[in-house]
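The first chain written gets the first letter, and so on, giving A, B, C and D; residue counts start at 1 in each chain.
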């Protein structure tokens, strides 16, 4: 299988889902290797680079794409299999951006209090040990953390002619900021416009669930993925499948609504896939799901609801396309 | 170490945290083996037992206790180490109670729609295989699920003279419904009244995160635990420690506030324990926490925020009492 | 009609709903004239009295009561008609209590930011002009505001043996903090325990909707009210009737749930009272209700939903008891 | 003053804010008389027209516009003074759309329950009596309700290149669904793109606060308004001024965040306009604001926070442009 490489220049980035002309047309079955810049567009390179001076929140999460998928029509299911995610720089950055994050008043949860101190942390990458290094700003603590690369944003153009900022997670995917978006995962997204118009970005060298301070270890990323397409069967909300789990992701406010969305999506998925009555799927999933929070800091909060395939009846989602993509990925050198 | 056994009779149960006379006085260091009935008081024994007929939501989660801990005063830290949890019956029950649960209108999220069908499921226990059996009500599906015993409710008397239903999770613990409340865990609760007045109940043979339908695989439980006491140092909200993680649990509404509470509690705990500046603790935890939802169905929603000790600086919480309790538990036969 | 006067001494106050012995037994039909202290127990008497030094949030809203209403049983409807509310001091106090209020992080909506500055304002009462005087703390502005006395807290003992702080608004009434609780209003509360055990307190010389900073113009109050009782017919949530409107009050979190509760209560009330199908009541009320926020600062947020009687079909609530109470109040000198 | 009349044809409508070419360029100072269709595009004309059959929620609230305002640049303040709103048809329609509205599960607050019955109500207009007639669907009740025309949607193009559905209320205005948007009101909106690109639609012959069932008495409307422009001074969120009050409108989720936004906007407005310290403005507004809910049914919930000018220090907003516009409106025949 050939791999098409694509590295955008600064002017090639998109800052929205929808509303942007495609950078390339790709056929279903294509493998892509994509370079994406970090959430800050590379603006934070030392602890002296402050987000208040160097980052414009209207232009973060630069998107590599969008890609026009040939044959994709509204109601279809875009399939993206993440083959490999490799850091494209030797350092990542994180920041406590004033009035942004989970433990501060924001432009929504408005308070009259002063902002937390604008602070930047730089994490050095150790490629041999596969770690990133936390260095405290106010003491001598240093801690090596496992490298766990993921993508914060994977999305398609929204429905109804909407155009949304690359800060937004929603029904169309987008800035879901979940650690589940990693190598080995297959993402299913409902197609809303001709060509689907997907893009990726916001690489994280690692991220805690919740992304509490508002930013992960943000880093430029080289993403290898396989694009595929299923006619029809569009899920209502983003779904992910890996070797062990099926998952759905809800993004809304308040956070219980994000959970409700994800849980409902999974109930209906499991019900349809395994021939369970809705009430039986509701009951079974009540006893087996995991529900990790993805983020509590974006324009919408995201929650993942996931179930182990081993605890579900037999039956492969989307006719087993995940296993098929895993096999294809091996030919590309995936582990 | 001796173990004091206690099995309540039907009239011995409490249905509130606070407001009830103690069933026993115990000294710090005591090991207890406690029998607790299931959330329904054993009322659902077949799929024909419907919650609308047999369950009064004002009297669920019967509590075994409260226990008066000698020497415990407001501001102290009650320590409960769960040594072993063993199912006390050969079956568990779950139910979709009308207008109760995460995927239905409730008495808070009121809608004008009809209730979901009142439905009961019975799970048979296989002690050899350590499984409970899901049996679909509307088809022939049967699935064996791993037995993973936990306690839904562990709490003390509230502050300020309040008395709360055993359905409520709050600052005093209570009905947190998290799978983290399992054998091997040490729970830290702030003491609000003389004697702490703790109780346990609401055993679950297993539960998914979120407890989506409102009930777990509810089952009578035999709980072995060690009671201990730390003078002062009361945490603001419940904390749990096991061999690998430190955790805090927030319970409020909306769910983002539950997360904020838990995350803040963990930031301050880690900051104080490891000598990290608050902003550094905020940053470090942002990259390493897990944030599993506990329940989205109780009077308050509960969220756990947890961090792996391996990714934190050296330093044992509460002077290493968890390790000490683990050692003591081994003498009681814990694994 | 005789009026029973009652002025508590400092040790007579209650700080909870439920859990307290009655101060007096009263028969339905009794008129009471009650003195209540302000929310701070009179602790803030000058702008130099700071809440952080003088107020313990566990002991605010001192309640005058509880009163045992003879004949009141669970399922009955307690009726309190507010005849007159008169300021019992010549000044009121308001404060921005650290980490308390609507525009600051709180113990629920926890942030890591610094508190707003602890500030106290004193309002002088002009009894002739019926005004209270706002005096800016940081400039020379002074503004006369109309005196509009109301009670922040009116409640009964909760159900299920619960005891709740006088800071809490809930199904049992309590700290609803709505300007609708004023002279001329009739309050209907479901009785949960024998004797109902109602209490009042937290007088406000005036308050904006939302009670944004967390406190109103807090003032000691002399409240004249008539107690009555309807057997059965307990409303699900507090209801208020005045000469022009019927109202329901929901108190929960998030605030949309408070609204849902109040709106549902009013839909069912109007449906039953006027013989409208639920869907027709839902439709009609959708076009005529007002929905003023009561508070966004208490343990639960409160929302009032109200409808003008003039826009509803004929039919007097509770057999016209409000009109009857108005007539009885006139004999007491009410306007 | 001349008035430019504009009546769109079916193909002229916009269904988004942003992303649409202007239908006309207008100079500041221009008066417009605009015809707008109802929220359903006129599809519901009898009680037998059901929304599930005739309404596509992706294409509701057809917008008349957008209008390009000459000279308007990002950071400016668009001023729209509503001179007159007159029903353009003799009937209005309302509907309980399945899974849409405040008292039902929705696509956000997802439940597994059945939908409420899809129901349509038609209101006949009596122009002489200035009423609309409610006719119950399930009984013989008929009630005349006062005609109180308002616009559900008034908005400009969003910032950051976003395009939003005409169902959405946000920082750019949009589908705020507040009864305050009526004749005599002046609306202030921050300009985000060159020309501002404002549009109006979603006329309501009347609406209760909350718009509980999801729809008002929806009706085609003839709106007369004056367009004006203030250079700079863009408010953060929509503001309204009428003869007696200044107001701000927040639209987000959960509803407490909508209130926080509106309250903060008003605190900062009053603080800047009247020279009050932020803490003094916070205190003063806490005692005088009204906080009517606008809607609990849209993509975001909207809350209005308003203050009577009579209770504020002297000082006219935006140099008294509202009074000036009222005078200009009189020349157009406004009352």
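One rule holds for everything that comes next: contacts are C-beta pairs under 8 Å (C-beta built on N, C-alpha and C of every residue); 3 or more make two chains touch, one makes a residue touch a chain.
Quantities reported herein were computed from a predicted structural model and do not represent experimental measurements.
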Enter the angle, 0 to 180° in steps of 5, of the rotation superposing CA atoms of chain A on those of chain D. 180
Measuring centre to centre, with centres taken as mean CA positions, what chain is farthest from chain C? A
From the C-alpha centre of chain A to that of chain D, how far is it in Å? 35
Averaging only over C-alpha atoms, locate the centres of chain B and chain D and give their separation in whole Å. 47
Starting from the mean Cα coordinates of chain A and chain B, work out the distance between those two points in Å. 32
For chain B, give me the residues that contact two or more of the other chains. 103, 109-112, 116, 253-254, 260, 263-264, 267, 279, 282
In the complex of these two chains, what residues of chain D are touching chain B? 103-105, 109-116, 254
Residues of chain B that touch chain C when the two form their complex: 15-16, 18-19, 58-59, 107-112, 159-165, 252-254, 257, 260-261, 263-264, 267, 278-279, 282
In the complex, chain B touches chain A at residues 94, 96, 102-103, 116-117, 119, 121, 134, 136-139, 141, 143, 145, 206-217, 253-256, 259-260, 263-264, 267, 274-277, 279-280, 282-293, 296, 301, 303, 305, 311-313
